[in-house]
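To keep things clear, I will list the structure first and then write my remarks on it.
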Amino acid sequence: MSDILNLINAGSIKEKIKNGKREDNRGFEDFRDLEIKTSVLSSADGSAWVKLGKTEIVAGIKFAVGTPYPDSPDEGSMSLNLELTGISSPDFSTGPPQIDALEYGRVADRAIRSAEAIDFKKLSIVAGEKVFIIFVDCIAINADGNLIDATEIAALAALKNAKIPKLDEKNNIISKEYSDKKLELLNIPLSFTFEKIEGKIIVDPTESEEYASDARFSLGLVKDTVVSCQKSKNGVFTEEEIFTMVDISVNKYNEILKKIEALE
Amino acid sequence: MSDILNLINAGSIKEKIKNGKREDNRGFEDFRDLEIKTSVLSSADGSAWVKLGKTEIVAGIKFAVGTPYPDSPDEGSMSLNLELTGISSPDFSTGPPQIDALEYGRVADRAIRSAEAIDFKKLSIVAGEKVFIIFVDCIAINADGNLIDATEIAALAALKNAKIPKLDEKNNIISKEYSDKKLELLNIPLSFTFEKIEGKIIVDPTESEEYASDARFSLGLVKDTVVSCQKSKNGVFTEEEIFTMVDISVNKYNEILKKIEALE
Amino acid sequence: MSDILNLINAGSIKEKIKNGKREDNRGFEDFRDLEIKTSVLSSADGSAWVKLGKTEIVAGIKFAVGTPYPDSPDEGSMSLNLELTGISSPDFSTGPPQIDALEYGRVADRAIRSAEAIDFKKLSIVAGEKVFIIFVDCIAINADGNLIDATEIAALAALKNAKIPKLDEKNNIISKEYSDKKLELLNIPLSFTFEKIEGKIIVDPTESEEYASDARFSLGLVKDTVVSCQKSKNGVFTEEEIFTMVDISVNKYNEILKKIEALE
Amino acid sequence: MSTRLDGRKKDDLRPIKIELGVVKSAAGSCYLEWGKNTVVATVHGPRPMFPKHLSNSQRAVVDYRYRMAPFSVSDRKSPVPGKRDKEISLVSGFALESVIMTEKFPNTVINVNTLILSADAGTRVAALTAASLACADAGLPMKGLVSAVAIGRANGDLIYDLTKDEEDAPDAVDTAIAITMPQKEIALLQMDGFVNKDDWKKMVSMGFSAAEKVYALQKNALLEKYPVNGDINE
Amino acid sequence: MSTRLDGRKKDDLRPIKIELGVVKSAAGSCYLEWGKNTVVATVHGPRPMFPKHLSNSQRAVVDYRYRMAPFSVSDRKSPVPGKRDKEISLVSGFALESVIMTEKFPNTVINVNTLILSADAGTRVAALTAASLACADAGLPMKGLVSAVAIGRANGDLIYDLTKDEEDAPDAVDTAIAITMPQKEIALLQMDGFVNKDDWKKMVSMGFSAAEKVYALQKNALLEKYPVNGDINE
Amino acid sequence: MSTRLDGRKKDDLRPIKIELGVVKSAAGSCYLEWGKNTVVATVHGPRPMFPKHLSNSQRAVVDYRYRMAPFSVSDRKSPVPGKRDKEISLVSGFALESVIMTEKFPNTVINVNTLILSADAGTRVAALTAASLACADAGLPMKGLVSAVAIGRANGDLIYDLTKDEEDAPDAVDTAIAITMPQKEIALLQMDGFVNKDDWKKMVSMGFSAAEKVYALQKNALLEKYPVNGDINE
């Protein structure tokens, strides 16, 4: 939907929210339908295709061999990247640097890092010399709001799906051959993103709802442990609103987690 | 000539072509005068200055020492680059990325590669560690059409002119000293570029003719062997037209080849 | 001050200069007040904050360990960089490449290099393998003219203030620990920048004066030895004017030098 | 007649699966699996083109992007488009312009984006075939479809639709060809290899018959989604 | 009650020194030392925004830049802004927009530049605190100030205003929080760590009280420079 | 008097060969060989300048580009312009602006492009000398020519026009100087080295006499191509 239509639409969204309703008749604390498919791509070392309502994110994992950072010589590393391409919107194919994609990707990345989801020591190949680097590339196929939570889910599902490549005697990756070990996830951080519209807090916003709102809050959780958070946009929250959003998130955590745990 | 003048000019070009004539009275299958000079630059390891009508391309060769690609540890490599600079047109010095230069350079590069003109194994210095990389830099001094064929000729003439540098005991290049070996070319691929104007096929187009046409075809040949091809622009060709262009090219091959073979 | 105001202002500046006066009543050969503070930043290996009238430059030194250039295997190196950021003017935060900052930084850099102020051989750690690289980063906090001379002074004061870091057994820098050796400066090159307004030569121009002038000359000196020079802008100088500027600079050298020598 | 590694005959295509309208926010879209290739193509526009000096007062410009996802190939590919990506984008966009009635939308741009999610040889023709369908799905006025396919040589045989393994044969030749349908003219033709003139002509001719097979699948997919319209291209 | 490495109590801030109007050419500016952090912030504008399509017809846009000098950290930082710099710039700009009456200046941009000259943890909150003062110094119409501070955990304790050494503790948690004053609403909240829900809530609450301390210092600095105006924010 | 490696005397220039009008599509052009330096310079314009905010309502702007071909030096040079290239472009453009009657073409740009095809010391002055001729060849209204030359010191001698070998002397000093002719004013002056004030002044003076020699060759080249005009600069 174009920016202008979204602006016109924002008025009716606000009106509905005031009356306790969302455009798709969800409750304020309801997520849209979530569908997760894994092993969808033969070329990736792990992959997931996530549909959250009409929002769709594909995540693919690639292992590479590199040198460790000097200050953690026996640890591998991870790099998460979200791309908003022309596939989902023509505005993304040109124009200004993608500050939105950068922010969403950073928030998703930081949650995984803070949650210590990956044991980076297990990615060491030769201490101080060679380690695995995990690239988690996420691409928006359709962008209809709440890209942060969808990206987080896609990244984790793809990581959970990832197989560790076999190495030859020189410690180079052998293409399309995998060791028996799967990548182990120590924790499953999930993201919960809220928007504040007309003083009401809603979860899992659509793109239209995002346009109608001027305050966003995203929380990264492992069960009842907070691992990251990000307040965004030029609106503000009260202390009480922040606390409410944490409580809602903790309550929702298991609902989403089950979908990820159900994956092969 | 400016874009606007070219557009106005296009009408008269088309009219002439319809009547079997070209703006410079050449036959449809005739090349413009071709002049090739080599050893024109004292700083390059090989050089050529090609004039094809008013189109002028300078090509210079530089050898460098680098590491081989992991999947071909005992082979050197080549990198061909065409630059359209402000020298030939002020439009090139600023503005959008040079998609034309990129395409022309790619077409010229692929013909050399597919023709296996260079024995990359002979560019190995220490297997798996050090190889020669050949840089073929082509710069348009004057751009009056058919830059692809002119670039191909300039690149090959410069390669044929190239001397292999001497190496010191650490396998670094000694400046301005050359071994006795010249770079050997196993095959001489040539490029033949056609434009289709008013249903007629012409060879070696001028810049004005390029503006009047909406379909281009370039063929890379070694004698009667096809090594590369590229159809460009938004017009189309019939199967028969394609076949005709191959036959013309095969017939023309020796005419151009002789000029290159005559070079020292 | 905005460009437009500067242009309007230029007329009155010129009128005054014709009558032998500057906007701040300085003599043509007078510098503005110069204040130099060093050790102003706890994070840098050396630092200086220079105020020349309202112009303010902060310079910070960072040592890094790198590999030497192949043609000087036993020498370290230096890289001087001047940044004009949004801090001093909103025009610097966006827009075209900073050609002014590049020129000013190059002029300051070349003077230090030509003066052989630093003994690069003393920056060798393991000959042919590891050397110190000195980064001299200068940032304009307020830009009110004569950034070249202010940058030169800030860079030298910061270099004079620099402590050489300690290395661990693998020759990596130990953070925030320093060897007993200070960086030694063999020569103190200073820069003297002149503008020509209405045929008169003035030293240490303000930003307004720079707008009113169309010829600039900068000279790098060590006592009475010339180490670099740069004529800039589209005006011209006579031979005699050039000679006069050298003589003025040689006379001024000690005045500025004393301020640097007084620093700890 | 010898069969190929994956059991195909020389003139067999790999299985092709087409799904239209998969991307909700786009004017038209197509998801396409072609053997182990996976491609998504979307179309947005026509819409006014900025900056204006890049627009064309006579017609719409097709801004075609061929993009490989970082995880689509063996070694992770950088997200920054390389020379090959840009060249393929250029000639693929030209191919589409030859069938879209661009003269109906002067001063506009039609954004065609293709994304290779998984690659196993023949990605450019898979992307172009999908893009052509996405344009039709978007309801753009078209003179026909573009049906693209790769023809090549491997181990001495001239064959349809090479896999990556076949492309790695020592004598491999690869020709990407796109045919306008039903007009049967060549809209794209790119080739790398070393093949005599007569075999090369044979490959071009094979391209026409292989493209017919692709076209049949494209028509089916469109008819399935738009049954009331009948066959839009004949 | 245990004291910290630098002798502070849990709810002590490091010494903060504020100087307004330091940069002569800017509309407003602030030099701020916060422990071993050194920051300069300047404000230019509002002025017409180019290119126009990035401007907002309803209000001014705050273009906030968070920049670290190359020499501000242990290993020299490249002058090219990284992902972290851009993210901090984005959310800090949002925080300022929540207190500036941007609706008074449609179609304009307000340039807020912050430069970290020396860094020792808490640089983003130091920069935002300084930027808020620079905006006030520039005389921009504001609904209030933004008072920013870091709250965290180190070695088992929940504490105010961590140093770099404290941030390196194995159990360290770091929360950057910015409060609008005197409204007391959350304008920025960023956190990385691993902390149970209840402790995290405690940290947020601590943020409010710590921000009061910052606010008091901000008010003092403004009153010192602008005594005739009285307390502009109460 | 000692002679130099290449047999020249101290005040000899290397052989200079000038050819005008070599690039057909340019308004003016010059091919110049100066010892082992090879340079091409072209002039396009004046033409309206975009983006407009970079133009000058009082005069034309000279956009001068100094570029070294990748194969012009010992180790292949990256085609991306470096700091040195940009600095030389800037001051060389200024030098040309001092002789072109730019006030006749407000709001326009004159594109001057120079390309070093082969380099052996003194490339910036060779390029500027060629560019000045290309401007004259383009028929631009000019107050004079710019005649550029390098003066330096090698092995104890102050000499004209150093080669690369001479520039590598341990005591080498290199001064690039451009003189407006016939006005005899300094339009460009750049120097790196370590030389006492008096010797440096001598070098500047030598620059004037060396530039006369360059000017004589420039005049000859112009008179040869444009004999009817007489000597355009006197």
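We call the chains A, B, C, D, E and F, going by the order they appear; numbering starts again at 1 in every chain.
To be clear about the criterion, contacts are C-beta pairs under 8 Å (C-beta built on N, C-alpha and C of every residue); 3 or more make two chains touch, one makes a residue touch a chain.
Not measured: the values here are computed from a predicted model.
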Set of chains whose contacts include both chain C and chain B: F
Other chains in touch with both chain D and chain E: A
Candidate from C-E, A-E or C-F with the same interface as B-F, over half of contact pairs in common: C-E
Computed distance of Cα centres, chain D from chain A, in Å: 31
Interchain centroid distance [CA atoms averaged], chain B/chain D, Å: 27
For chain E, residues contacting two or more additional chains: none
Graph class of chain-chain contacts, one of line, ring, star, complete, other: ring
Successive chains around the closed ring, taking chain A as origin and chain E next: A, E, C, F, B, D
Residues of chain A defined as touching chain D within the complex: 1, 40-45, 47, 54, 56, 58, 60-62, 64, 81, 83, 85-90, 93, 135, 137, 139, 141-144, 175-176
Complex contacts: residues of chain D adjacent to chain B: 54, 83-84, 86-87, 90-91, 94-95, 97-98, 175, 180, 183-197, 200-201, 204-205, 208
Chain C-touching residues of chain E, taken from the complex the two chains share: 22-26, 36, 38, 40, 42, 44-45, 47, 63, 65, 67, 69-76, 79, 111, 113, 115, 117-120
In the complex with chain E, residue positions of chain A that touch it: 96-97, 99, 102-103, 105-106, 110, 113-116, 217, 222, 224-239, 242-243, 246-247, 250
